[in-house]
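Going in written order, the chains are labelled A, B, C and D, and every chain counts its residues from 1.
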Amino acid sequence: MWNKKRLAHIVFDSDDRESRLFDIVLLILILSSVTVAILDSVQSLREKYGDLFYILELTFTFLFTLEYILRVWLTSKTFKYVTSFFGLVDLLAILPVYLSFFVANTQLLSVIRALRLLRIVRVLKLGRYLAEADFIGDSLKASAAKIQLFLFSVLTIVLIMGTVMFVIEGPEHGFTSIPVSMYWAIVTLTTVGFGDITPSTPFGQFMASIIMLLGYAIIAVPTGIVTSEMAKRKKVSHYESLKSCTHCSFDAIEEGDNFCRKCGSRVD
Amino acid sequence: MWNKKRLAHIVFDSDDRESRLFDIVLLILILSSVTVAILDSVQSLREKYGDLFYILELTFTFLFTLEYILRVWLTSKTFKYVTSFFGLVDLLAILPVYLSFFVANTQLLSVIRALRLLRIVRVLKLGRYLAEADFIGDSLKASAAKIQLFLFSVLTIVLIMGTVMFVIEGPEHGFTSIPVSMYWAIVTLTTVGFGDITPSTPFGQFMASIIMLLGYAIIAVPTGIVTSEMAKRKKVSHYESLKSCTHCSFDAIEEGDNFCRKCGSRVD
Amino acid sequence: MWNKKRLAHIVFDSDDRESRLFDIVLLILILSSVTVAILDSVQSLREKYGDLFYILELTFTFLFTLEYILRVWLTSKTFKYVTSFFGLVDLLAILPVYLSFFVANTQLLSVIRALRLLRIVRVLKLGRYLAEADFIGDSLKASAAKIQLFLFSVLTIVLIMGTVMFVIEGPEHGFTSIPVSMYWAIVTLTTVGFGDITPSTPFGQFMASIIMLLGYAIIAVPTGIVTSEMAKRKKVSHYESLKSCTHCSFDAIEEGDNFCRKCGSRVD
Amino acid sequence: MWNKKRLAHIVFDSDDRESRLFDIVLLILILSSVTVAILDSVQSLREKYGDLFYILELTFTFLFTLEYILRVWLTSKTFKYVTSFFGLVDLLAILPVYLSFFVANTQLLSVIRALRLLRIVRVLKLGRYLAEADFIGDSLKASAAKIQLFLFSVLTIVLIMGTVMFVIEGPEHGFTSIPVSMYWAIVTLTTVGFGDITPSTPFGQFMASIIMLLGYAIIAVPTGIVTSEMAKRKKVSHYESLKSCTHCSFDAIEEGDNFCRKCGSRVD
């Protein structure tokens, strides 16, 4: 029973007790290893528990390496898996420790260590069975073209407003260059408002007010796009509850229809 | 007439003059005691009116204790009430003063004093008759799975962006650890933008801009979820009130129609 | 032709050339007087043009006084006008200058001077003919009960979160009292994020993150309420385009109806 | 084949290989010249690559001048093009370099240099074939009257709140004049929250809390307006595609139906 095919089912699917157990154990391992990586970045904790973190990290890497080898061995399409998005993420999740043996440069090391946190992306793979994920994903995908266009318009406003503020306020008030002014315009238009750069001249404050009111009005646009897309999608799912015609098997007989609108036969 | 059953009705229900009066008196007591607890936390007011606050606090505690004993005595399911959420809140609302007699540690005392403010939760119990609360509550409950998934996706973005900013900006610009970087990413993505930590390097400001625009685009998602849920809720309740014509089976006879508007036959 | 009745029409209505001209002149006067009051508050401008501002202010007050006397004289219901909301605003708009003759206290004077800006409220009176104002006003009024309940829930969250942060961070990190902590919680939950008070302890930053994500999720609620209310309102206005039955004058015959659903007579 | 008419087609239209190629080359030129102008504003880059930037700028100006002359020569309505919005933008995009030969004043020069960035507006012209742009543009145009009214109401709130905060907090806490107070009110109401000016008195913080909660509640209004407008736009386009049955006048025959689902008669 524990042949290669059964093993592949446990590793790749998620529809019976063993395969679901595998997913849950994997989920716990991923979340634990991410937690350890996060805590390891805190100076005070690292000084105290650095050795423990290192041992845990080695253990996690060993287990994930085992899992990666298992996946490569079990899959029928090795090349496709290795070059797929999640295949690359699986590989990147185990590389850091191995790379750290060969690298001495501390700055590069910190980048490599950070790579470990990419493991969190693997959790998304486990979410592929959720209908809610499909709903949100589909709504966003259908809105993508509109949101892209919207973001482009926002960038145009940001460029123009950033330039205007650069000319008005100038380097002496913190708007040192157009890129910095654009950064300020994004901070303002998205209503984040850090306050690290703020207008000081009356005219600058006047222009900033206009940008803020503009941001207030256009924040409605992405919301409107996604909401109307979701509302539409709800209506579509309503059609999924329809019956089929017993004569021609047309699949959209609504409540209260007397005749099939494809073949004209009476609906019981 | 003022037997135990009548008293229980007054305390637990809210459908006649006496029981409603009981609720209103209780509401005023709760709000007053919360106000006193809030004012008591202001140093300058406490120095002036500390004694008055203490006397008021003792009075409130005495009245709430009386009410708690009354509830335990009157209810038919004592154990269920005592262990219920609101039963525990009712108990926690009177404990602070009694506990403060035995505790000398000042820091623990301030935590105990803060517990008094939990009384505000009791107000929610009085709001259980509002239809509006049901509407908002139901819409949020129906959206819960989607909002949970959304928050999880947001946390993944926060983790990745926090790590990226930790690597780019580093401890010398305030991003002292990954948890702190994640705190900054949440502050930025939710458009709060305190400004206690801000990116200083050009590349850090560029990445921050992307996070802000991302936050601007995905703020649409929870809004879209709740809005389309509310809109659906409205529509369903409209269609549920429609009947069908018994003669031609036209399926949109509205309340108060005398004749079918398709075939003209009388509606029963 | 320029009798009292005609004059009352010009002053109170807005449906022919003269009465509309009166409204426009009034609008310009109000906006000019408000602009002067705003500029008068700027120290540097006041030092330069203080005398000019004072003369203009006297002129505006004279004109508005004339208008107020005219309104009191022309209206048929003097008492009702004087005690109405807009009647009081009209009076408050002219009082400041007269009061300033009798008041020597500078602080009280600055409050009185500020009262002049209430004149802007008078502009709203001129907007009473706009259909758009009705649409937004009606949508908000219909949502009022739900938004009130929502604001109350927000205040409960603010109270609990403010207390929690007061206990965690304490006076040494700027959370000097529960009211100040609640002010911070509102600043955070509404995503304003001034940054005048920010959490410094890791646990405080963790709790703040939860508040921010909460604010991010519940910002959807008021939007959902108003949007679904507006969408419903659109549908209602669709019914306004319906025809009337020629037989029983029932006023909701829809496109495509064969028979009146009230009296059963055939629709032409 | 390369006569004037063909050339005009290539320059002004975008429906075959050559004309589309012209648009793409133009798009790349515009984006490159904007990028150079942005980088040129960064002090450190300018010191290093100033000469390269100047040569590139001259090249771009030469090409855009060529294009402008081409457009003026090719169009059949020269006057209309030159005085149109995009005609003026095209002209403003090439003027800066020519003007900079005659201007010595450095401050005026920086304004002139900034004008180059207006070129980005030209990109919008290339987006005129996008259906998504129409959808967003139409929704915003249809909402314009309501959004204008909304912004006016917001300005009234801003004026009143700004005045109130000016009176409460006064110049000693940063609210130096009513215009500055109004700037603060906009920063707060739009939830930007820079934190450059913040209330310090308890009463000021209380009023600020009210403004923030107000902003939280009314941010729903523009979102509601645009969303319901977009949802309507979707619904109308759906209902417009429905036909009526010629036999029983049932009014919801969808595209592709063969038989009426009410009476079973064939649809033509």
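What to note about this one:
Operating definition for what follows: contacts are C-beta pairs under 8 Å (C-beta built on N, C-alpha and C of every residue); 3 or more make two chains touch, one makes a residue touch a chain.
All values reported here derive from a predicted model rather than from experimental measurement.
Annotation: A-B is the more contact-rich of the chain pairs A-C and A-B, by number of C-beta pairs in contact. Ranked by distance of CA centroids from chain D, the top chain is B. Looking at which positions face the partner, chain C and chain D present mostly different ones, since fewer than half of the interface numbers are shared.
Per-chain CA centroids place chain A at a distance of 28 Å from chain B. Rounded to a whole number, the gap between the C-alpha centres of chain A and chain C is 40 angstrom. Shown for chain C are the residues that touch two or more other chains, namely 150, 179, 182, 191-195, 219, 223, 225, 227, 231, 258. Across the interface of their complex, chain B is touched by residues 191-195, 223, 227, 248-250, 262 of chain D. Interface residues of chain A facing chain B in the complex, by the touch rule stated above, are 34, 37-39, 41-43, 110-111, 114, 117-118, 120-121, 123-124, 127, 130, 132-133, 135-136, 139-140, 147, 150-151, 154, 179-180, 182-183, 186-187, 189-196, 219, 222-223, 225-227, 229-231, 233-234, 255-256, 258. Those residues of chain B lying in contact with chain A across their complex are 145-146, 149-150, 152-153, 156, 159-160, 163-164, 166-167, 171, 176-179, 182, 188, 191-195, 198, 202, 205-206, 208-209, 212-213, 215-217, 219-221, 223-225, 227-228, 231-232, 244, 249-251.
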